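Have a look at the structure below before the remarks.
Order as written gives the chain letters A, B, C and D; numbering starts at 1 within each chain.
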């Protein structure tokens, strides 16, 4: 079974040379730590930077330089700053190659819910609806089940949607899956996890090919 | 040149009244118009509608207006950093219109640029699309969104000149440029106010025509929400 | 009767302190020469400058600094450069206070035609349709009649329109007129011109108040 | 960073074919991609559609392509400086779609930003509105305009870095920034190509993400159409 860093590490394998990548808050933010350093990748943060670098040293903290998670960051060589309209122009115009974000629920048709629990929690969608509404390639990073042990991979989302039929791939603590023909196709098992465990943790319909290899970490 | 300089925040906020709609720049606490927000607290204007990406934190930024219950309605994309906000919203004291962040930016920019409406895929198939026109373009459904207008826009820039030309620093730019000129009166506070001619005209982010009043702000706190660092 | 410079000089009186002004090609360009120097006025040129200054000296000519008439210009203190989307954002968003442009025909309802003579001349509308479609205050600068002696102030435009019901005021070599209730209201006579001459040169309906003063130049 | 540098104009124009649609930056002869235009003449691609505010003059800029009858269709706002253009248009050899200048800019920017359509008052009640949807907003009629897309955009910037970040000078900026990313492949020529890190990230006009190929151009002529001067 993977922990959050393990999920991030596995997702980092999906990041290819030449990609511009938008990382959501939480597990997705960790992905930057595991991207191979022999490929060229740029991170976009939707509050207005392309070419986001690592966290600053204490001496280099700048209140005017944060990411979309409100964390202090640095800018890499070749970075640029821009306003929010330009930033979402990049996203809406499909100039960003890969979007990695968290979710509360994913449905087997690719629907995603991650911004609201009616009557309980309403943080807002932030940039998530713009991202999932436009991105060509969306990977969801999340735990396979919620704190109550219920599956987050569902036949249908029960929470208010963030976007419809948009998720490409899901990487959880148990498995890598992709959305194929309205089902969750199992691609890889997490180290030490067998297919029965994944079945039990998945409410939606699973497509299980003959050979499901273990993730190569 | 046409001079937009005013002497202080009090003069800059002349005409602000109860029940008005305000736009406020900033992302989280980064690039927020601290001086104008504090003056709105002092003026104690009530029943206001605020268009702002976030709602500050409990004791800073728009949180100060929320605490005093000056805000009737918030139009934002993300309000997760503010417990008082969530309380007022869930209890029904505060009206909230949540708007996808890119749509929020573009609706402000649309007002600035005289575009009454546009189509975007963001929010299709969600609550955001309820009551809105849906139309397919290139085989993909989009929803129609309209321009946001306001009575005042409160903007924070890094430097500005007396003619209202603005430049921003780092990610403190965010929503500030797109709100300039989207309101009847755009009020800008800057960290440094310079004479016209001191900014390179090639690198002005917002031309002065979008600005009605500009002043040099004071005592910037520039609070950081998530101070994250690495070893030196 | 006024010449082109006279028309420009009279229009310059309409330019008020604090105005941002867009000047079209031809007579409108000349207006800048006659604006009082005790008021603050900025000129916008739709190819991407606010704060346009006078022509450069030979030594200061810069191919990268022209106005919408493709003339070499200078930038004043406090000027800014921007792209065409931003430039027309200013115009469409009604941030420019006054637009002065030429016309082939103006109709008494405020319609204007200035971009095309079917089968003969098609230069294109350039920025004129954006300007007349949005500007709050549009002054037309033109000769009262065309080269064939025909009136350019008509009941209806015969040429393809540039915009509908948009013209506020017209300054010609013979008169100053404004559009009121679907008619041309005569405001001022050019020096030495009497009302009969203006009537004869105007095909559209004229509203003639009791006292029509001569322009103060 | 992701490197977009190519070695020369030949490499930059790889993949250019007959019958494609091109966007070309520039206003008059100011800020036009001289190197790319000359290479299009060399390549002798035919039946092309050009989206460009103007059409050059008889012996320079797009006029060179017109003279060789490489252009099937022009989408422009103003073509008054080119006699050959007028001749081909009036004779019917050349298809012409005249678009209001602000609408042209916004239709390119819409493609760049993933907005399929928007409303503008420009052209209402004129030929430009024919066949287009008209809708009232705030009591004023507007027409719906759609995004322009192209196969290649040819852009001229002042400086650029190898990561594709661009800055422009003076009014040579014009349509260049709004066309970047509105085509499948954006090719940029610059007067000076620098290493990433040499441009201030606060003053980048176009971020590199909108650019696929960049090269340092040669032998800029920068012709002036109306050389107007005053006494020294």
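Everything that follows uses one rule, which is that a residue touches a chain if its C-beta (ideal position, glycine included) is under 8 Å from a C-beta of that chain, and two chains touch if they have at least 3 such contacts.
Protein names from UniProt, one per chain: A, C = CoA transferase subunit B; B, D = CoA transferase subunit A.
Since we're looking at a predicted model, the values are computed, not measured.
Asker: Report the chain whose mean Cα position is at the greatest distance from that of subunit A (CoA transferase subunit B).
Answerer: C
Asker: Comparing the two chain pairs, does A-D have more C-beta contacts than A-B, or is it the other way round?
Answerer: The greater number of contacts lies at A-B.
Asker: How many Å are there between the centre of subunit A (CoA transferase subunit B) and the centre of subunit C (CoA transferase subunit B), using C-alpha atoms for each centre?
Answerer: From the centre of subunit A (CoA transferase subunit B) to the centre of subunit C (CoA transferase subunit B) is 55 Å.
Asker: Suppose each chain is reduced to the average of its Cα coordinates; what separation in Å results between subunit A (CoA transferase subunit B) and subunit B (CoA transferase subunit A)?
Answerer: Distance between chain centres: 28 Å.
Asker: Roughly how far is subunit B (CoA transferase subunit A) from subunit C (CoA transferase subunit B), going centre to centre by Cα mean, in whole Å?
Answerer: One centre to the other, that is 36 Å.
Asker: Going by the touch rule set out above, which residues of subunit D (CoA transferase subunit A) reach two or more other chains?
Answerer: Answer for subunit D (CoA transferase subunit A), listing residues that touch two or more other chains: 106, 109, 113-115, 120-121, 168-170, 202.
Asker: Would you give the residues of subunit A (CoA transferase subunit B) that are in contact with at least 2 other chains, written as numbers and ranges?
Answerer: Subunit A (CoA transferase subunit B), residues with two or more chain partners: 49, 75, 81-82, 85, 88, 91-92, 134.
Asker: When you check every pair of chains, which ones turn out to touch?
Answerer: A-B, A-D, B-C, B-D, C-D
Asker: Taking the complex as given, what residues does subunit D (CoA transferase subunit A) use to touch subunit C (CoA transferase subunit B)?
Answerer: 27-31, 53, 76-81, 86, 89-90, 96, 98, 100-106, 108-109, 120-128, 158, 168-178, 205, 222-232
Asker: Could you list, by residue number, the parts of subunit B (CoA transferase subunit A) that touch subunit D (CoA transferase subunit A) in their complex?
Answerer: For subunit B (CoA transferase subunit A) paired with subunit D (CoA transferase subunit A), touching residues are 106, 110, 113-121, 135, 137-138, 142, 146, 167-170, 202-203.
Asker: Provide the residue numbers of subunit C (CoA transferase subunit B) that touch subunit B (CoA transferase subunit A) in the complex, in ascending order.
Answerer: For subunit C (CoA transferase subunit B) paired with subunit B (CoA transferase subunit A), touching residues are 18, 20, 40-42, 44, 49-51, 75-82, 85-86, 88-96, 134.
Asker: Report the residues of subunit A (CoA transferase subunit B) in contact with subunit B (CoA transferase subunit A) in the complex, numbered from low to high.
Answerer: Subunit A (CoA transferase subunit B) residues touching subunit B (CoA transferase subunit A): 45-49, 54-59, 61-73, 75, 81-85, 87-88, 91-92, 111, 115-116, 119-130, 133-134, 160-164.
Asker: Tell me, which parts of subunit B (CoA transferase subunit A) touch subunit C (CoA transferase subunit B) in their complex?
Answerer: The touching residues are 1-3, 109, 111-115, 161-163, 165, 181, 196-197, 199, 201-202, 204, 207-210.
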